[in-house]
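These are the structures, in C-alpha cells.
Same chain, two partners: chain A is paired with chain B first, then with chain C.
For the complex of A and B:
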C-alpha cells in the first residue's frame, strides 16, 4: 500500500521484451519499463530463444529497480507481484518466473501467475475503467489469433483461433519475402500506407460458414507465389502494393470474423488486444466497422456498440498488462505458491489452474 | 560467516547454508525440476536453520558451466535474493567446486565431466593436496576423447606458461576420479581410459554438482573479497549461443530462389 492505494507489480519476459511495471489500484500506471531486444534479434531475422534468455537474465535486475524508482514506490509498499508463466518461449518465461519467485521468496510478497494472453486482453482495462467482463475480445499477435469470450477476469471461452499461422507470423513471413526484415508487422504496416490495397486480390480464407477460426497461411502463400511468378517472368513488383494488398486481405478477414462473432454472441462491444493491435490499418478499419454497426444499432433503438483498443505501448508485450491481470486475480484470491512452473503452451481456457500451485 | 549457496547447473538442484563453517544441505532428488524447487528449498532450509536473508553475508551461486537453462535458473534466483536482501553474490565456478568435495583425499585427481552433447564435455582437472588443490587443466569445453588424451599429454606452451602442473608429473599411485553426468554419458570412453591406466584405484563415480561443495569454495572467495552483486552476476556458459556463432562465422546462409543457401 502507498498513500492508501493498492500497489501491484507485473513482470513479463515471455519473448524478447524484459518488462516490469507498477500499478496503483490495478489501473493507474505508475511505471512501465520495457527493455526491448528487437535490435539484437533483428540481425537474425527473428527471435533467437537462447539469446533472448541470456539478455533477460542480464537486464532484469536493472528493469526491476527502474520500475520501482520511476513509480516512486519501495518494494515494501508492493502488495503483490504478477509474472507471466505461459505461454511463450520456455527459456524466456523461465527468467521472469525464476526471478519473480526469488523476489517473492526473499521479500515475503505474494506471487500471482498470469497467462500471457489474459494479460494482453486485460490491458484494455488500463485505459477503459468502465470495461468489465463479460465482453468479447479479438487477440492478434505474433503467436496468437483468437476470438474469445471474456467471461470473467480469470475465465475465458475461446470461440475461434488460427488453424495455421498467427497474424503476426504471416506478417513476419511476408515482410521477409519482400525484403523488409524483422519485425515484420510495423514495417509492412508502414509500407502499406504508400501502396494500393486493391492492386492485388490475395486469397481470403473464411473456412466454413460462420466459422470463427482463422487461416492465414493461404494468404501468405498467395503473396509468395505472386512474387515468384513475377520473378520468373522478369517483371518488377511494387512492394508497397504487395504490402497494402496483403494487409487488406488479412484485415478484411479479421474485421469480418469479429463482426460475425458479435452477431453470434450478441455482445455490444469488442476489445482488441495483442501486439498486432497496434497496427494502424487494423485499428482504423475495425473502428469504422464498429462505428457503422453502432449507428445501425442506435437507429433501431438499440445500444451503442463499442470498440476498446489499448494504446500501442500497452499492445506490445509489457509489464502493466501483467500487473492489471495480477491485480484482478489477487482480488479473486488466486495466488500461486513458490513452486510455480512455466508453461510454454498454456491453454487459455483450460490451463489457468496450473498457475495456482 | 553466513552464506546461502544454490546449485542448479546439473541434474539435481540443491541449496546449502554455511553458518560459520557448519554446512547443512537440501537436495531435490527429482531430476530437472529446478525452477519449481530451488526457491522453496532455499527458504525452507533457512527457516529450519533459523536464519533470515538480511543476516547472510552473501548469496553464492554455482555459475556454470552446465545446462544453459539450469545455470540461468540459479543465477536468476541468486539475483532476486541478493537484490532484495542487499547482499553480494559469489559466483562459484561449477567444475572447480568439485575440488572442494570433502570426500577427496590428498593425491586425488578430480575430473568432473558434464555432458555438453555432440560428444563434448565441460571439463577440467584438479589435484587435491594437503589443505589445498592445484589446477591441472582449467575449465573448458571439448571433445571427451580429446580431454582424456590431454590428461596424458605434455602441456601446451600456453598452459606451461601459466605454470600448470603436467599430468605426467603426478605419481602413478594417485587416484583419478571421473564424475558428473558426462562421466556417465561417455562411460565407455572413460572406462577405456581407466582400463588403460590400470592402477586399481582410479574410478568413475556418480557424484554430481552439489551446493555443499560450492559453498565451501564460496567461503574462500568471500574471504578473498571476490564477490559481485545482482547487477554484475553472470553465468559462465563456456559456449556462445549457436545462433551468434553462426552469425559471427557468416554461416546463416542467404535466401535465394525460394530456399536458403549456404553463404
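For the complex of A and C:
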C-alpha cells in the first residue's frame, strides 16, 4: 500500500521483451518499463547495461529497479507481484518467473501467475474503467490470432483461432519479401498508406461457413507468388500497392470474422488486444464497422455497440497488462505458490488452473 | 549410400500424400530438415505428417514459439521453426539436444539456418516453387533411404512404395 492505494507489480518476459510495470489500484500506471524502449546509452549506476531482445537475465534487474524508481514506490509497498507463466518461450518465461519467485520468497509478497493472452486482453481495462466482463475480444499478435469470449477476469471461451500463421507473423513475412526489415508489421502499415488497397485482390481465406478460425498462410503465399511471377516477367512492382493490398485482405477477414462473432454471441462490445492492435488500418476499419453496427442497433432501439482498444504502449508486450491481470486475479483470491512452473503452451480455456499451485 | 530423388508436387493433395507416407514409415529419433523459402509449404507438409501420425490438434506455424511438441500420435512429433532463432543459446534454452535424442521425430523448418547444429544422419527435404501457383518441387536427400534392407524408415522409404 502507498498513500492508501493498492500497489501491483507485473513482470512480462514471455518472448522478446523484458517488461515490468507498477500500478496503483489496478488501473493507474505508475511506471511501465519495456526493455526495447529504454535508450541504451542511459547510464545506470555508472555502467551502461546491455539491453537486448530476449536477454532477460541481463535486463531484468535493471528493468525492475527502473520500474520501482519511476513509480516512486519501494518493494515494501508492493502488495502483490504478477508474472507471465505462459504461453511463450520456455527459457524466456523461466527468467521472469524465477525472478518473481525469488523476490516473493525474499520479501514474503504474494505471487500471481498470469496467462499472457489474458494479460493482453485485460490491458483494455487500464484506460476503460467502464469495461467489465463479459465481452468479446479479438487478440492479434505475432504469435496469436484468437476470437475469444471473456466470461470473467479469469474465464475464457475460445471461439476461433488461426490454423496456420498468426496475423503478425504474416505481416512480418510479407514485410521481408517486399524488402522491409524486421519487425515488419508497423512498416507494412506505414507503407500501405501510400498504396492502393485494391491494386491486387490477394486471397482471403474464410474457411467453412460461420467458422471463426483464421488462416493467413494462403494470403502470405499469394503475395509471394505475385512477386515471383512479376519478377519472372521482368515487371517492376509497386511495394506500397502490395503492402496495401495484403493489408486489405487480412483486415477484411479480421473485421468480418469479428462481426460474425458479435452476431453469434450477441455481445455489445469488442475489445481489441495484442501487438497488432497498434495497426492503424485495423483500428480504423474495426471502428468503422462497429460504428455502423452501433447506429443500426440504436435505430432499432437497441444499445450502442462499443469498441475498446488499448493505447499502442499497452498493445505491445508490457508489464502493465500483467499487473492489471494480477490485480484482478488477486481480488478473486487466485494466488500462486512459489511452486509456479512455466507453461510454454498454456491453454487459455483449460490451462488457467495450472497457475494456482 | 545416400538416397536422393526429386519429385513434383502438383498441388496441396500431393504434399498431403507425401506427409502421410513419411508418417507411416517414420521411426523414433529421426530428424527431418525442411528447407525452402517462405510459403513453399514446410508447415503444410508438417501438418500432413501430423495427421498421418494420428495427431488431431491444430498444427500451427511455430515461427513464433520456435518449437511445438505433440504427444498424442503414434510417435511424438517435435515441430521446430528456427526462422527467428538468433543464437545457439536460444535453441539450447529450448532443450534442442534433448529433442534430437527424444522418442519422437523432429521436423525442423528453416533447418539450413542451423546447419552446423544438426546431426549428420538426417533426412533433408528441399522445397521449391514450381511453375504454377500450387506446384512445388521437392528433393529428398536421405541416408535413411532404401539402401539398407530391412530398415524401412524415413521419407525415402515412403517414396519407394
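Keep in mind that, in the parts below, the second predicted complex is superposed on the first by the 339 of 357 C-alpha atoms of A that agree within 3 Å, B and C clash if a C-alpha of one lies under 4 Å from a C-alpha of the other, contacts with A are read in each partner's own complex, and residues count from 1 in each chain.
Definition applied: contacts are C-beta pairs under 8 Å (C-beta built on N, C-alpha and C of every residue); 3 or more make two chains touch, one makes a residue touch a chain.
Everything numeric here is computed off the predicted structure, so don't read it as measured data.
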Query raised in the report: Regarding the shared-chain residue A:228, is it in contact with chain B (first), chain C (second), both, or neither?
Result: both
Requested in this report: Check the residue A:205 against both partner chains and state whether it touches chain B (first), chain C (second), both, or neither.
Outcome: neither
Query raised in the report: With the two structures laid over each other on chain A, which partner does A:75 touch: chain B (first), chain C (second), both, or neither?
Result: first
Requested in this report: With the two complexes superposed on chain A, say which partner A:91 touches: chain B (first), chain C (second), both, or neither.
Outcome: both
Requested in this report: Tell me which partner A:61 touches in the superposition: chain B (first), chain C (second), both or neither.
Outcome: first
Requested in this report: Check whether A:163 is in contact with chain B, with chain C, with both or with neither, and answer first, second, both or neither.
Outcome: second
Query raised in the report: Touching A:217 in the superposition: chain B (first), chain C (second), both, neither?
Result: second
Requested in this report: Tell me which partner A:106 touches in the superposition: chain B (first), chain C (second), both or neither.
Outcome: first
Query raised in the report: Once the shared chain is lined up, is A:340 touching chain B (first), chain C (second), both, or neither of them?
Result: first
Requested in this report: Once the two structures are superposed, pull the chain A residues common to the chain B and chain C interfaces.
Outcome: 53-54, 90-91, 94, 176, 224, 228
Query raised in the report: So in the complex, which bits of chain A are touching chain C?
Result: 15, 53-54, 87-92, 94, 142-143, 161-166, 168-169, 173, 176-177, 217, 220-221, 224-225, 228, 344-345
Query - Sites on chain B touched by chain A in the complex - result: 35-40, 42-43, 53, 68-69, 72-73, 75-81, 83-85, 230-231, 234-235, 237, 241-244, 247, 252, 255, 258
Query raised in the report: In the complex of these two chains, what residues of chain A are touching chain B?
Result: 43-44, 48, 50-51, 53-54, 57-58, 60-62, 64-65, 75, 90-91, 94-95, 97-107, 176, 224, 228, 337-342
Query - Footprint of chain A on chain C - complex, ascending - result: 37-39, 43-44, 47, 58, 60-61, 63-66, 68-69, 86, 90, 93-95, 129, 133
